[in-house]
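Scrolling down, you'll hit the structures one after another.
In what comes next, subunit A is part of two complexes: it sits with subunit B in the first one and with subunit C in the second one.
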Partner chain A sequence: MFDTALTLADLGFLAKGAAMTLAVTAVSVLAGTILGVVFGVLRNQLGTYWSLPLTFLLDIFRSVPLLIQLVLGNALQSILKLGWAPFTTSCVVLSLYTAAYCTEIVRGGISAVPTTTRRAARSLGMTWWQDMRYIVAPLATRVSLPAWIGLTLGVMKDSALVLWLGLIELLRASQILVTRLQEPLFILLICGAIYFIISFPIARLGGYLEKRWSND
Partner chain B sequence: MFSYNFHWNQAFKALPQMLDGALVTLQIALLSMAIGLAVALALTLFRLSENRVLSGFATVWVEIARNTPALFQIYMAHFGLGSFGIHLSPYTALLVGIAFNNAGYLAENFRGALKAIPETQTRAGRSLGMTPLMAFRYIVMPQMLRIAFLPATNQMVWAILMTSLGVTVGMNTDLAGVTQALNAVSFRTFEFFALAAVIYYLIAKAVTLAARLAATRMFRY
Partner chain C sequence: MIEIENVRKSFGQLEVLKGINLTVQKGEVLTIIGGSGSGKSTLLTCINGLETIDAGRIVVDGTDVHAKATDLNKLRRKLGIVFQQFNAFPHLTVLENVMLAPVKVLGQSKAEAEAMAVKQLTHVGLGDKLSVYPSRMSGGQQQRMAIARALAMSPAYMLFDEVTSALDPQLVGEVLDTLRMLASEGMTMICVTHEMKFAREVSDRVAFFHKGVMAEIAPPEQLFGAPKDPELQTFLAATH
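Right after this comes the complex of A and B.
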């Protein structure tokens, strides 16, 4: 009734692709979050006017398709003769892309901390750093975490685009199998299921945290 | 270190072609948004309905749209549907994929907006003698659309950015496709794609601005 040429080795090939997707996501989200926190704090400290160049620069990463960014990043690294592997290029571009979104999230989180609370901290004799570390960080994290989880999942899904640079991640791996086995629907369904299995529980966790932490 | 000669001339010469591509991009984005809005409204109604099958269908649609990559959805429309004997052109496949994605995200936006509308509004409408559908159409929906307008604007920008994925299924008439075709001839990758990036940026900004102007006009009261 149901017959497929898909072997266990092919499933292993898909799993390798999924591992590549997760690796690109992990590196990009980690680097992007660090950059995003730095930029977010910077934007908050500088104020609207002085952070205008930074805002504009980061806005570009959110208004240009990621595919174009990847192509441009790859072209730029070859123009500059950096000799980066596709993996490095992909991670650098995706990190900047993540950082652009993360900056917004961090900025939103910091501005959600009431000014009065921060003034109270400062009048207790806390330094700027202590205020940031013990007052702002815990409160802002609470506000930002659900959005950050959403961003991480978004980057995981968008990382499919790195196939354009020749990296064999989950979607590209399935495409290779489709070309070989000529069973597009079945293989794509497996591929989609893997994405779904990775994404859905984390998305649910984000939704739960949002609900749990919102009403107080 | 910097021995590359930029040839911006070639890119600028191709500007008319690329602007034609930009129109196709905008067309796909608008169409996919219109379809997405209509389907999202239907999905929202399905989710509100008592019918288990309908609400289950809507939930499955939304979760798949939100938990798989947009590129996967486009692949599914282009390669996957072939197994059912449905062979879509790159244009249609791209449109179907993005519309599917839009519908899922918009339905979720609508759900969030619905939460902000008190239950009493529906009940007030019902006690005035409205049918459930009338109460939704005349009382709840206008408020829901107003709350969901800004997130929908974001989705529109997303739709524009997503159209660039068409190039991976062989689309060659939209902005990304045209740029890739030009690039394949001249190998001036950086110049062409930088120009495309500028055009995409301008389109995204123009759409955001237009939506903001429309919002201030529509939501004056």
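Right after this comes the complex of A and C.
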């Protein structure tokens, strides 16, 4: 009844694409989050005025379409003769893109911790670092988590754009198969299903953590 | 001993402390009364260095609070402070709230800190709430937890900044009882309060602040019985 030319080897090809999507996402989200935390704390500490250059820079990464960033980033590394592989370039651009959004999430999370709570911590003799580590970090994480999960899922799907630098990730792998087998609907269905399978656990992890932390 | 010498403090154009002189002896209970904006809460946050001062000095047991060389984090171990807002750490249980600073700041072992925390929490009547999260407790209970949390650092002085002002009326009593208990145990306390009856009962001296000036300071019988300052007379007439 249902006939397809799709072979097991093709499925393996899709799986390899999915692995690339996962790798680019994992590196970018990890690096972007670390940078985002650093920038977010910096923006909070420096205040509006002194963090203006940083804010401006991050605004660029938030406003320019990711595709343009990727192409320009690749051109730049070529002009500067950095000799980066497409994977490296993709990860660097995507990390900065993630960091720009993550900075705002972190900044919002930190501002959500009441000043009075932080004063109470400092009054107990805690240092700035201890206050950040034991009071601000856990409370800000709780506030920021839903937005961060959203960002991670977004970056995973946006990572499809790295195909423009020649990386064969999930979407590009699907396109190649569509071109060869001429079964677009079926292949895109599988591709979508794989995206879902990757995303679902991340979304559920967020739900689980929110629930676990809801007792306090 | 806490010595406050000619302390001045402004927020922008507004001078909230206009040269305060005050000495609090070990074992003394001083309450500060006055209208809002009189500078009484600001003085407390200046004593533990949360706020800077513009002139004068505050000396706690020989240490100048606002001197550059002063290690404020170390000094604050001596000065317990409880605020109007309860300021519970919402992600920690009651026991963890009280244990955190002794472990991280004083470097106590978990066992040591837990023993102290249980002792202080039992002392303020929360011995059965150890593993509860603050959000499950009433305001009065949260405020008593905040008191136990400050006491667990074994401070030499306790500063109370309108600790009953954010409480429902029926919960004020339990917190005041805790303060009375501390006063009777000989704790050195400075309480900023609007509870006149409480001030009259527990204080060795009562200070009346008005527009950044300490307009009158006297033992409670005298201050409440025969107020001299006209502003104080108006203030007391309004609060009765």
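We take it that the second predicted complex is superposed on the first by the 201 of 216 C-alpha atoms of A that agree within 3 Å, B and C clash if a C-alpha of one lies under 4 Å from a C-alpha of the other, contacts with A are read in each partner's own complex, and residues count from 1 in each chain.
To be clear about the criterion, a contact is a pair of C-beta atoms (placed from the backbone, for glycine too) under 8 Å apart; a residue touches a chain by one contact, two chains touch by 3 or more.
This is a predicted model, so every value here is computed, not measured.
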Subunit A as common anchor, with subunit B and subunit C clashing or fitting: fit
Partner chain in contact with A:66 - subunit B first, subunit C second, else both or neither: first
Broader residue contact with subunit A after superposition on the shared chain, subunit B or subunit C: B
Contacts of A:112 with subunit B and subunit C, given as first, second, both or neither: neither
First (subunit B), second (subunit C), both or neither touched by A:122: second
Partner chain in contact with A:85 - subunit B first, subunit C second, else both or neither: neither
Which superposed partner A:205 touches (first subunit B, second subunit C, both, neither): neither
Contacts of A:57 with subunit B and subunit C, given as first, second, both or neither: neither
Touching partner for A:164 - first (subunit B), second (subunit C), both, neither: first
First (subunit B), second (subunit C), both or neither touched by A:11: neither
Least C-alpha distance (whole Å) that remains between subunit C and subunit B when both complexes are overlaid: 23
Touching both subunit B and subunit C, residues of subunit A: none
For the subunit B and subunit A complex, residues of the former touching the latter: 1-4, 63-64, 66-72, 75-76, 79-84, 157, 161-165, 167-168, 176, 179, 189-190, 193-194, 196-197, 200-201, 204-205
Subunit A residues within the subunit C interface of the complex: 114, 116-117, 119-127, 130, 134-135, 138-139, 142, 213, 215-216
Contact set on subunit C toward subunit A in their complex: 45, 48, 50, 73-74, 76-77, 79-81, 83, 85, 87, 89-92, 100-101, 104-106, 133-135, 146, 149-150, 153
Residues on subunit A engaged by subunit B in the complex (per definition of touch): 60, 63-69, 71-72, 74-76, 79-81, 153, 157-158, 160-161, 163-164, 171, 175, 178, 183-186, 188-189, 191-192, 195-196, 199-200, 203
